[in-house]
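These notes open a run of structures that come right after.
In the two complexes that follow, chain A is the common piece, with chain B as its partner first and chain C second.
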Partner chain A sequence: MKLKLKQNREFGILAILIVVSTVIGLNSSAFFTVENLFDILKSNVVLGMLAIGMLLVILTGGIDVSVGSMIAAVTVVVGQFLVHVTGNVVLAILVGTAAGTFLGVINGILIAKMRIPPIVVTLGTMSIIIGLTLYITNGTWITGVPDNFINFGRLTIGSFYRQGDDMIGLPVQFLFLVFTAILTWFMLKFTLFGRGIYAIGGSRASAQRVGYNLDRITIFLYAYEGFIIGLAGVVHTSIMRQVDPNAFSGFEMQVIAAVVLGGASTLGGYGSVFGTILGVALFTVINNGLILMHIPTFWQKIVVGIVLITSIGFDVVQKRYWENHTTKVDIEEA
Partner chain B sequence: MCGEPKWVDYGDEESLAVAVVRRERKGMNSNTFLQISKISKTFPGVKALNNISLEVERGEIHALIGENGAGKSTLIKILSGVNQPDAGAEIYIEGKKIEVMTPLESLRRGIVVIYQDFSLFPNTSVAENIAITTDIENGTPILNWRRIRSSARAALARLGIDINIDTALGELSVAKQQLVAIARALTYDAKLLIMDEPTSALSKGEVELLFKVMRNLKESGISILFVSHKLDELFAISDRFSVLRDGKYLGTFGEDELDDDRLISLMVGRKIEYTVYPKRKCDDKVLEVRNFNKIGNFKDISFVVNRGEILGITGLVGAGRTEVLKAIYGINRQDSGHLFLEGKEITIGSAQDAVRHGIAYMPENRLREGLVLRKSMADNIAITVTDRLVDRVGLLDRGKLRDLVEEWIRKLNIKPAIADMLATKLSGGNQQRVVIAKWLALNPKILLVDEPTNGIDVGAKADIHKLLRDLAESGISIIMVSSELPEILAIADRVIVMRRGKISGEFDGATATQEEIMNKAILGVRQQAAS
Partner chain C sequence: MIHVSTEKLIRRFKNKEAVLFLIFILLFALMSLISPGRFLTWRNLQSMAYQLPEFGIFAIAMMVVIVSGGINLSITFTAALASIVGGLVLSTLSAAGTPSAIVIIAGIATFLVVALACGALNGLVVASIGVTPMLATLGTMTLFEGVCLNITKGGAISGFPDAFLWFGGGTVLGVPFPLIVFILVVIATHYIMERSAFGLKAYMTGCNPTVTAYSGVNVKKILYGIYLFSGLLCALAGILMSSRYNSAKESYGSSYLMQGISAAVLGGTDIAGGYGKVAGTVIAVMILQVISTGLNIFGVNRYITNVIMGGILILVLALNLIGRGEKAIA
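What follows is the complex of A and B.
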């Protein structure tokens, strides 16, 4: 499918990404080093995965502000499991994704069956999940993750660069991002479920009229997002090798910002996995570049806020323009 | 300022109504696709359909005609299974009796409605819009894009049109989106297409293309039932015409049995069941609208309103009447044009400006736009004048508020007279009065009302008519938009008719007839001059 509008957007983001990268590269020699790039990659795999999950929600015109609390809860569950039961990687993934999916289903049911707006539901579940997580952990870190899990987190694919004793290669966590991206891309493009997500975002009333099961799609969508959050929780634990229950407070803002930067419309219907990946890359490069250029970190927040309002504002203004310029009365010309 | 009241005798109106010619009922022949009879539909307080019969043959283009509110939409909703008819209805499709018509059953039998909004997805491709419905029906989990694309291409080819199936639907013109909606109907294996005002948003060339497509479909044996108000188009394409009036079926006619005049007299012969008030001649100009224009809304609109008169604006839904009212009130600004209040030019850029100049507006959907349903009657009435109800410190003076509210409850006879009653608990007619009270509390010079009696029962309508007439007598000028001709003739001193964004006629409320008005509403100036 060639959808002009969508492709233009992605092309635009790619162009901005190249320009921004070039500017940063010219100002900081440390930016375009293999070491720095792998570093960026590793530290943003989780952001990328969560952004892809968030994309599905935003495509339907919804929003999920509970992602930060959900991944915090997942990491706590996974951390406890690793410390007290076993360091087995596969089992940890199963436990993590089960926990994430469970939380996602709760969001989905509340949104679909009770017809509560997504922002209200997820604000509520966010608060509940944070509260429970802090109650269980007392706010303290979980340490003592078994060695075999830590070793898994250190795996790399190939080795490109030697620095002292450390082999620098493509981090294993990157595979999880690739897996999430491909699975989600396939689902959005080749399954009825995925097309239903676009249909709901395009026109909810039409989606219902042509026979999509809106409730089922909504619940499955939040469950799938929860699954990705679970996976990301395991990946995060493998990177950090310990669990900080407060690590993700406020993280939902970054996730939403990255998705919107990637060209997804908060009004629903427009956005793609590819665009979202570009959005995450742009977001990451801006942050990393500002650090390398020794610009105080509060500027990151200011820049992200401005970009967010600009791109959402553009969508809303464009929509209003369309509505005002659609002919209501066909005036007869004499 | 106004002349002596003049009573008019409308006793003739009934004899004007053309005797209804019912075609002899043919027995069911094998060429009949749809046959319905004894279809009635009662909504609370209104009988929307009353014993309707209709037959649609295979491969015919069948026009459904009637005034606004004649029952066309309700009939379509029954055929598509959205609404259930009252008990006793009989629906036969291809000779088989349908016990309960549900949306799914209707679709399975090949009845596909193309809604005015098309029910399409602007953010997906033409191919997907046309052909994914098959997958939805079958519940195919994994899609085959090759099948979707080829099936979309085949549907478009059957219509004989060429649209790039990979384009995002939102980038197409309205006319092409409509063709996509028709192509999608074909993938449902449609045998009867129902189209509601399909030409309302199309240019002349686009209408030609649509008609070509409709004829192609007809050739291939598909029936089309379509609703339109544009008589020239109706005559250009339809094989037969069925006329509804006031929820009743007046008959089905062949092309050769009808012409413009006859069709109009069939449509309008509605009885006036309201008190007809004496009309006055007023000549103290209060408000003048001069050359109002707005692209896509209205063109060359000029008229005056005198003190103490009711000016009725009528025409078909979508003729631009509401848009003009909203322009005067400042919430749908005109591109160009001048507005004069008592001889002085004024500029109204917002509703606040309008209120300051003594103009009040009562919107069409009183529930959505005019009332805060979950607030008390008192709060609703006082909402426009809270700034006048404060004490010296600037806090709301409950005593003043109560006095004001009780005054209006008494003046407008709102029942029950309980100021703290929630607006949502009032009956339709009383809700309407609360909205009127709210605006009258401002002491307006000019009151704009849009369909003031839409959706309320006959008794409440009569009350509202009396109220509006009393207000006019007291010196307020009223501009009333209404689709209901009997209502216009009952209370308007003068009548302006709009058609497709322009004023097509102006009448004296004391002497105008429904037929004259409908003629201007449907045919406009051009055809009038030709005949």
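What follows is the complex of A and C.
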């Protein structure tokens, strides 16, 4: 029955996505163009990757509000490395993921060892990380990224569509999202670590009794999230070709909203990579639709807030409904 | 078992508040010794007396919610939204030439109504729908910020009547008015939380909402009360803040969110709910204020001040862990 419920939920998100896309498409002819769709894809790869990282945290029943500051720190490290050391893409990825993993491990150790709500810990680390980042950069942009890195960012896979003289193809950044999604899906589905994450989200006490090492899973989880953030930082730099240390202030809310929209339960233990991808797509389409329909950008925060509250509220109400439903059956049988 | 743990708690916190106060005295003395000409001056003390109340009121608004087993991430944007809507009323009425007494009364009323509405929304989502407070207020925080931005379009609201500036800068018998408000808030909160049936029920809810409900307490009502009270305090902080800045903007006071949590936790409030004292929070606020003013005087970069404040939060949580010993395993 659980499987059926899960399929229903993701099917529901997909249905909403199709309806919303159709409405926007009918209102704006610019929406369903290959150009716009590839544009949406490229500009939301980072959101998608961070959402997959956040999904893991939410699955354990936690929330990480430090992702915005972490990716800001990573982009600054990557930017400095590219400008002052080398424009080598592989080395940049290594440096970025190392920086991200390092920050993630710090979060993980603090959360695992202190047994304090992750949101409070990450609120503290957020302020430390963003403070240091802004102090070091003084809030200024890093420019002058070497050409070979910029060229890497412009790469496309194939060319599908001719727009004037420009060939438009699938942006290379998309591969990173696919890589992250498949790797995370595999880990969640087939490894002890992944099953442990679901177990912790379901019930910490039970997970411990079954024999999972909660501390080790927690630290590894945040380290892996940091790794994804590091990768996303490199991808972001390759898209923007410069680094703005302030670019991600408040970004964590969008990431959380996308994950929650994707059907992950904020109470932990429930959610999937596929659902998260759908959530990111839905969130992105709504935002893009607002722009295409010429609704002022100030409305976006309101939409994010309303989407967050209603989807979390719906989640809780639905869970309560199921619980009531189950109890009733028990009583009747007894 | 409950008996033992309460006794232990009381003993620990009696010590803890004394220790906190000692830390405050030491820090104050240290700052005064290091730079007597700049820290221990009438002017600096006065400027601290104007800054402390806003921070203190936010910290108490945070503390009462944490005590009830939740957290209110929307405090700063509740204050901002109240300031912006209230500021709009103030400036519009004032520009229309309405007598200043009516302008002030209407303006203050708007502050209170808007903040209470924000509190009621939090209460609705947390108590009636049953969403985890952390996520509920995360959502409302984003929502309030969005509404703020939508009204101001990213700018600031200004053009308040001169009489309004008295709230943030005036004195009564030589005592800064904000300080008087703060003292009143502290006394009121002390009585509401630690001397009334409502307060006791709020602490019980924070300890264990299920057991509290089975004891015949209307937990929903208590939670509504807590979030409304928190909203009311945000309105007061918003009034002081917008009066002091002579304008209203969505980003004003946003750093008080993290500092508010830090102050509550540093003051001995259990982040899991059920324990926390107004006195502890107030001493913690004074400690953090002395640190931030001191750092400012020493010319420390404001980003580094953020880093230090975040570090203090983590450090205090870590120290609490050591105090808690190995008994914390769920």
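We adopt the following convention: the second predicted complex is superposed on the first by the 312 of 334 C-alpha atoms of A that agree within 3 Å, B and C clash if a C-alpha of one lies under 4 Å from a C-alpha of the other, contacts with A are read in each partner's own complex, and residues count from 1 in each chain.
One rule holds in what follows: contacts are C-beta pairs under 8 Å (C-beta built on N, C-alpha and C of every residue); 3 or more make two chains touch, one makes a residue touch a chain.
This one's a predicted model, so the numbers in the text were calculated from it and none came from an experiment.
In the overlay built on the shared chain, the residue A:S127 is in contact with chain C alone; chain B does not reach it.
In the superposition on chain A, contact is made by A:F190 with chain B only, not with chain C.
With both structures placed on the common chain, the touch criterion links A:G211 to chain B but leaves chain C unconnected.
Counting the residues of chain A touched by each of chain B and chain C gives the higher count for C. Once chain A of one complex is fitted onto chain A of the other, the partner contacts of A:V243 are absent, as it touches neither chain B nor chain C. Once the two complexes are laid over each other on the shared chain, residue contacts for A:Y198 go to chain B alone; chain C is not touched. When the two structures are aligned on the shared chain, A:Y270 is found in touch with chain B, with no touch to chain C. With both structures placed on the common chain, the touch criterion links A:I309 to chain C but leaves chain B unconnected. For the contact definition in use here, the residues of chain A common to its chain B contact set and its chain C contact set are 205. Against chain C, in their complex, chain A makes its touches with residues 63, 110, 113-117, 119-121, 123-128, 130-132, 134-135, 204-205, 208, 253, 256-257, 260, 266-267, 296, 298-306, 308-309, 312-313, 316-317, 320.
Remark: chain B residues 115, 117-125, 127-128, 132-133, 135-137, 139-143, 145, 166-168, 170-171, 174, 200-203, 296-299, 318-320, 323, 499-502, 524-526 touch chain A in the complex. Listing the residues of chain A that touch chain B in their complex gives 1-6, 190-193, 195, 198-199, 201-203, 205-207, 209-212, 269-270, 325-332, 334.
Touching chain A in their complex are the following residues of chain C: 71, 125, 129-132, 134-136, 138-147, 149-150, 153-154, 257-258, 261-262, 265, 271-272, 301, 303-307, 309-311, 313-314, 317-318, 321, 328-330.
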